[in-house]
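Reviewing the structure listed below.
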Amino acid sequence: MTESDVPADAGSAGRADFSTGRMEAFSDGVFAIAITLLVLDLGFPEPGSLHGISLASALAHEWPSYFAYLVSFLVIGIIWINHHAMCALADRVDRRTLFANLFLLLTVSVIPYPTRMLAAYLTTPGRDGHTAAAVYAANMVVMGAAFSLLFFAYTRDARRLHTPVSAKDLRAARRRFGFGGVVYLAAVGLAYVSPVAMLATHALLAVYYCFDQLAPARRTG
Amino acid sequence: MTESDVPADAGSAGRADFSTGRMEAFSDGVFAIAITLLVLDLGFPEPGSLHGISLASALAHEWPSYFAYLVSFLVIGIIWINHHAMCALADRVDRRTLFANLFLLLTVSVIPYPTRMLAAYLTTPGRDGHTAAAVYAANMVVMGAAFSLLFFAYTRDARRLHTPVSAKDLRAARRRFGFGGVVYLAAVGLAYVSPVAMLATHALLAVYYCFDQLAPARRTG
Amino acid sequence: MTESDVPADAGSAGRADFSTGRMEAFSDGVFAIAITLLVLDLGFPEPGSLHGISLASALAHEWPSYFAYLVSFLVIGIIWINHHAMCALADRVDRRTLFANLFLLLTVSVIPYPTRMLAAYLTTPGRDGHTAAAVYAANMVVMGAAFSLLFFAYTRDARRLHTPVSAKDLRAARRRFGFGGVVYLAAVGLAYVSPVAMLATHALLAVYYCFDQLAPARRTG
Amino acid sequence: MTESDVPADAGSAGRADFSTGRMEAFSDGVFAIAITLLVLDLGFPEPGSLHGISLASALAHEWPSYFAYLVSFLVIGIIWINHHAMCALADRVDRRTLFANLFLLLTVSVIPYPTRMLAAYLTTPGRDGHTAAAVYAANMVVMGAAFSLLFFAYTRDARRLHTPVSAKDLRAARRRFGFGGVVYLAAVGLAYVSPVAMLATHALLAVYYCFDQLAPARRTG
């Protein structure tokens, strides 16, 4: 048992196990940076470029940026909380989990890109607004899939978990991922109807997750 | 007791407790990035765009950027020290605290935005300077409120704290938060009188907090 | 033994040993930031600058940016996984290893620069495209060399390793580094033939490393 | 003893002690971000703006950026190594040390600003080049002073140190800080003679520190 826990040939790649700790540290870094880089895309008109409009009303016109910023911040924050909860289940991970985690981080660290594109095109009528919204929604679909993949890679080897996850809990997780996946996919379709409605759906989903996750805490708190 | 400490169904959301450690790691990341991103907004004229003015006097005209940078750096730094002090009180947090923490991080990670807007408009006379200053001050009000909220979510469940906080200490904390809240609100009003005075108020408040917090250490050191 | 483990004169520099932990924390920070900063170089045309082309087809023309982003993300991610595996071998490092690590971090943290240059010049025919590709490939050569250097500095003192690395494993590591070095050097040459083929080579190498490293895990999993 | 170690009134500010661990985590974050943000200031001409010059020779003209990047990277890297060595001396710090650390972080996190200004003005003849170089050198003076301040705040309370620092070692540290301070101050003067010589001095000082610190390791290794 202990033998298989030792990264016996970590240098030469392979069968090695890794502590969850450093995977968490690296992931926390990526989550923290992605969530903070979002602020770089909040803009305002320079003094002298206002042409008689007040700064206040110019900022009011920036609402798509604020809306997209807020939703992306919430999405990354909630993914971080779920990642945190998942990592608490085991002390060691294998390489396969590290790669699944890397795939999740790819989909998370890219979020500032579709966010600023959506902010720029949210109120553009017609196909270009739809394209920007669909790219944003598609990125969320892939991120959701990456998280599901990671979750099953992580919980696949029950011996690794110090907190066994019951079959019932796994079914519940699968149902929840399935539900999230369906809403995420529906949001891609919605992007072609109304970009604002697509973004509002993600906002509502985030708020729903907040309350859903707080509810049991409230019952037992 | 130990049973309730185990994130029994962390995967399926809910009643789970979380170690303070990772909340700190993620928060430290966000604080560190927000405080360091401020530097991206310090500018200087490119060579060849000086039109006969010296670089030295061009930099002297950049004082609003330096002033805003310094105050925002201090504010984030002090919030970090207080966050650090708070986290030392307990080893485990619930989901509600994680969400309160996420709300605080939202208000902190956004600081570079009002900071660069204030830097640009600090010396603009009239309503636009007032608007930029009011946005900056309002962000600080919300941040202060978020920290109070987090502090009470964190200390709410006394059983969780390994260092009990006395009712007297809680009253003192409440008084201090109340005092800070009043000054922060007053600063929003001040923004409409003088943006520079508003920023100076935040600078003084930060310096006051430094000395206030160092004083007891000096008495017992 | 224990005496030599104590950073006896850490303040005055010198013979001191350091815990691997903080080297990992700092490295994780640099890896996480470099991998996340890549997103800042993904661009899109502003609304109103499309001149009749659709946003969708404008984004399709951005494929060199996406391709370069993806390859650089993978390269940094895999280097991080290897760094992680290496750090698991010992608890303490000496100053020489810290400096070798700093050299690796220099070559990693600079990656966003050749990446955005390559993205801009990938489809530029002639010498300038070749130059950008050669700079990218050369940076990878130096990064590979830095990792080899670090690996040998790290494993040099066998007494330091709590997991002894067998002579056979070291030979295997040396072979693998040698193979990687040859491919990396060949990629520099390839840059002068076809920048796209150079980048594809790095992509294939990264995918090869993924599968190569996952294979043994599969055999024993 | 144990009683004084407990952050008894951490919530209400004051006499509290803090674990070194989180100060390190936050500092590592700031160091890692500052060192990685430097890469954002490396530029290259866009395709189509070369007007007949080759990209290779355009990049050769960017040498001031590369030189300034390299020196600033080394300076931050070495400060990090010294910070690391210092933190190994004690497990707990007081608030005063946290504030001294915050002051150091201010001087470190601002480094990308004078670095990009120096890169832009390094080859500008006359007073503007001198100004940019003097700002860079002055920032290093303040950073050196901040590190000395932090070191003495950190080692002031001998009871806190689990590795006692001998009076001889403290004198040696003081001498080294004094020497560094004199060279740093001289570099400010040199900025008015030759910006390139000023930067080369910082490069040489960094290399000197590397070898100086590696030498004892070599003797005992």
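Every chain is named by a letter (A, B, C and D) in the order it is written, and numbering of its residues begins at 1.
Everything that follows uses one rule, which is that a contact is a pair of C-beta atoms (placed from the backbone, for glycine too) under 8 Å apart; a residue touches a chain by one contact, two chains touch by 3 or more.
What you see is a predicted model, and the numbers here were worked out from it, not measured in a lab.
Farthest chain from chain D, judged by C-alpha centroids: A.
At the chain C-chain D interface, residue numbers used by both copies make up under half of all numbers present, so the two copies contact each other through mostly different positions. Centre-to-centre spacing of chain B and chain C amounts to 35 Å, using the average Cα coordinate of each chain.
A straight line joining the Cα centres of chain B and chain D is 25 Å long. The multi-chain contact residues of chain D, meaning those touching 2 or more other chains, are 25, 29, 32-33, 37, 40.
Residues 24-25, 28-29, 31-33, 35-40, 42, 44, 46-47, 50, 54-56, 59, 69-70, 73, 77, 80-82, 84-89, 151, 155, 163, 165, 169-170, 172-173, 176, 210, 212-221 of chain C touch chain A in their complex.
Within the complex formed with chain A, the chain B residues making contact are 6-16, 18-19, 22-23, 25-26, 29-30, 32-34, 37, 40, 94-96, 98-99, 102, 105-106, 109-113, 117, 120-121, 124, 127-128, 131-132, 135, 157.
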